[in-house]
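Chain nomenclature is as follows: A, B, C and D, assigned in order of appearance, with residue numbering initiated at 1 for each chain independently.
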Amino acid sequence: MTASKTPSGVFAPVATVFGDDGELDLAGFARNMEIYSSTELDGIVILGSNGEYALLDTEEKMRLIEAGVNAVNRRKVVMAGTGAESTRGTIALTQRAAEMGIDYALVVTPHYYKPRYDHLAYADHFKAVADASPVPVLIYVMAAYTGVDLASALVCELAGYPNIAGIKDSGGNAPKVGEMIAGAAHGFAVLAGSANFLYPALCLGATGGILALGNVAPSQCKEIQRCFEDGNHERARDLQLKMLAPNAAVTTKHGIPGLKIAMEYVGLTAGVPRAPLRPLNEREADDVRQTMASAGIGRLV
Amino acid sequence: MTASKTPSGVFAPVATVFGDDGELDLAGFARNMEIYSSTELDGIVILGSNGEYALLDTEEKMRLIEAGVNAVNRRKVVMAGTGAESTRGTIALTQRAAEMGIDYALVVTPHYYKPRYDHLAYADHFKAVADASPVPVLIYVMAAYTGVDLASALVCELAGYPNIAGIKDSGGNAPKVGEMIAGAAHGFAVLAGSANFLYPALCLGATGGILALGNVAPSQCKEIQRCFEDGNHERARDLQLKMLAPNAAVTTKHGIPGLKIAMEYVGLTAGVPRAPLRPLNEREADDVRQTMASAGIGRLV
Amino acid sequence: MTASKTPSGVFAPVATVFGDDGELDLAGFARNMEIYSSTELDGIVILGSNGEYALLDTEEKMRLIEAGVNAVNRRKVVMAGTGAESTRGTIALTQRAAEMGIDYALVVTPHYYKPRYDHLAYADHFKAVADASPVPVLIYVMAAYTGVDLASALVCELAGYPNIAGIKDSGGNAPKVGEMIAGAAHGFAVLAGSANFLYPALCLGATGGILALGNVAPSQCKEIQRCFEDGNHERARDLQLKMLAPNAAVTTKHGIPGLKIAMEYVGLTAGVPRAPLRPLNEREADDVRQTMASAGIGRLV
Amino acid sequence: MTASKTPSGVFAPVATVFGDDGELDLAGFARNMEIYSSTELDGIVILGSNGEYALLDTEEKMRLIEAGVNAVNRRKVVMAGTGAESTRGTIALTQRAAEMGIDYALVVTPHYYKPRYDHLAYADHFKAVADASPVPVLIYVMAAYTGVDLASALVCELAGYPNIAGIKDSGGNAPKVGEMIAGAAHGFAVLAGSANFLYPALCLGATGGILALGNVAPSQCKEIQRCFEDGNHERARDLQLKMLAPNAAVTTKHGIPGLKIAMEYVGLTAGVPRAPLRPLNEREADDVRQTMASAGIGRLV
């Protein structure tokens, strides 16, 4: 699939699958990608935060991208997380991933030395990565994990830079979504980073979202978007409110371990998270499953 | 004006006016209230954060409420901030204000001993105040000033309690607005606490907002609401984006000192803030005025 | 007792005593002050955070100061918390308290509009209060409650201003204690705001502390100071480590409700805290008492 | 040098040296190690935060450890930072580093998924690493960069676990230093993570420090320790206060870029930091040099 100028629609930041031996289960991963390719999803994101990218080594990352690109086989847009802490490490990873055929690179904000990373440091970083990347770059802001939230003014400056196509912001702050859309160049995509504010983000002009919930409820997420586009605001809103509980179950409340339980529940191959992430206990897992059932989320296959 | 069960519409958290001697300028304040009574505003809030309530003594608060209630003379809904740090202090202030004729009491979260205030402490506090108040109570969450953000589950619990009519939340967090609306009892009002997320809040089911920007751009704020109600989402969104800069000028960027410059700009009586708040310098004041002009905000009188 | 230029020694930020009816129990309070006057304490602080000052109205504050000054009857140094959110309110309270005979005014940082209070706002505030105060002023930094931590450079600037005698800093940050002492004018007192860092603060040059634990373990706190002054560092350190658990019981772990249980345990008049503070449950109260016993803290009377 | 059971003394977390081409300058690095081996330092730490470990790839890390171990040639204790985000990645890195001859592994807290990392996650992580490590493990808490501060109770639990030899805590919180020392097993080393609280940490029972300032002022840092050990508290304190400004210049104020200017100033090979870290501008660099000169810090060679 050729990357459109402005990425839009609903994307699933797919989970990495580990076998019982703790190694990558690429067959299970490819099976999930095959299933996603038959859903309404507009695309997938490999190596996002939900993909436990921070717990993988470089060669594992490359094998996942290769497996994902091959399994999807151009039926969907494929993005991959290629951010590293250093600018040169990010460029190296982005270029390798681009060679493998991804459509967009999702580049998380460097964050370890955050007290030293000012406006100029971030501007230079993202411009250097965009200059060196064969594919369009999406900025990735995930303050809950990184402690870094880029100011709207910086995002708007980067929005006008060549080869920077958009931003995924996971914060849910409605004023900031508005500021970015009001100030960014035309064609710059603001993508909601969580399904818990997809509808209001669309109302403000976001072009879609990269949604953990999209992994297990792709049609429900797409229906919010479709209702919005059809002007059926009342139904979009009702669906948005209905998706809050299952979204929390696979994000803020139970995290990646919760997402893996939910994946299993809908028929995907899940496995367990990698340490120091810990699997849910049985009570927590039941909470995930019941929340899914209560929201009417059923099997994908 | 009799308080409707569910407060809705656009409310201005009015500024307190100080004379050159540092004392209350009640005549200037009453003049503003007279002007507001002829606008499209649905009501006013005396002694909100914008009213510098934290910088006033108790008798000053009473004189302001009296002056405000008299000046408005039932043409608009009148709310007043009656929160204090102690439960008994809050009740005393609420009862005195109710006797003076306010329609709703806006009760800020106690916050000084916040490490000790847990779910139960806040639940007990708001229930005790609601029990003792002659008028309906609105919960007031203003985390930027108090450091306290009530969990959605607590808000939803309180939403079902008698005489608790709604909440003003100034945080702008879209998922939380959704959670409160999804979980609260029917008829519980969620009011946007800042004009920078009025439109997305309305989309999610908020009934209106208490908006600093409403002090200087009441018709623009009301038009966002009207467009939303008429299903004219595109225009509502455009107006919302257009109001972000003037809203920032009177809130996050320049605060109450900025609001007072903007008030003067539109023909209201403003004066200077009370120390330790400091007036803007001339460059900052120019920024406020130019931002107002650029957004097409003109004189009220 | 005449205030020395540099306040030094161990001070107890005394609790306010409420009767079963929720009103001030001034007799119980005076009894405690009488007891404290016979201990090794160098002085007391009325209306500190431990005194629930934020939960009292102005007239209650005045009655407490009066009762305290009279009960102590110049046997100990008497300080009182006179900070309010506005500069003029702080000055008014400070002047009234000074007339009643306090030796020092402890002035907490204004904090409600903290995003607007910059270096200059705080500098102006404390200088105006110092100018207007008949008694020396101590700056009070209590970031856990106020969210405000004054930069060392600002403290050092204020340290050179007439009638500003010192600072109580409750943060426990050793580098900051060092910076203040390194940069402040000679004679400026840095007082530890919690007994959990009294000894290292003394090592760095602090002149003493205002210590919640001083309310229930005055002789132990004084012994740390005495050992330090005698060059008996090993014993000072051992006592410091031994006091960490009881200190936590009456501060970070159980707060003011814990302090009141501990006060009862040592024979003082305590009562319950004022809402929204809630009394400890029986399990928590037992924890306080056992922690006191384990640390060898016994009855004062 | 064989690792003693309890690491003690002053350690320099050495900088990584990059050439003009952005690649490792191992010759320059080895030259610095040679110089350090002739100082009073007790040891060095390769790949600490000051070593820009987060900006290096795995093979670069290995080459640095190899170069460092060879250059020091057992004249000093050699530690290396071997923490990664995953438990298995940390173990792999630790085992490779141990084979190369390091004496201790310094293991930073995983932090990317910090909302999911609870007491048990961290306990399991550090125990698994300690079990698998051929050399003793030091826990590394660096909250300013990671956003993670381990509770004293957790540290004390880990202090009793085999092969966990100590902790480097960079926070400067005196009460926490005390709590760890009061609660940890005998022989567990608490090391100050910054020179701005070395002396008070020693007073409380710390066994030394891993100090950025040790890179450029090793003898001054050692003199603080020696004065403390000799009971010369007054001189230890004076030196501590004198070292606050140069310490800030190479840490909180100017960071790693400041450290590299200071290194050049004392005759070491420094180079520039790796992007997104940015070199200081000339004004900032002058500030570093003048601060060094004012504190009497001169050339090492």
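General observations
Definition applied: a residue touches a chain if its C-beta (ideal position, glycine included) is under 8 Å from a C-beta of that chain, and two chains touch if they have at least 3 such contacts.
Keep in mind it's a predicted model, so treat the numbers as computed, not measured.
Shared contact partners of chain C and chain D are absent; no chain touches both.
Seen from the Cα centre of chain B, the chain whose own Cα centre is farthest off is D. Homomeric contact chain B/chain C is classed as same-residue, with over half of its interface positions used by both copies. Between chain B and chain D, the centres computed from C-alpha atoms are 50 Å apart. With centres defined as mean CA coordinates, chain B is found 36 Å away from chain A. Residue positions of chain B with contacts to 2 or more other chains are absent.
For chain B in complex with chain C, the touching residues are 22, 49, 54-58, 85-89, 110, 112-117, 120-122, 124-125, 128, 144-147, 252, 255-257, 274-278. Considering their complex, residues 172-179, 181-182, 194, 196-197, 199-201, 203-205, 231, 233, 237, 240-242, 244-245 of chain B touch chain A.
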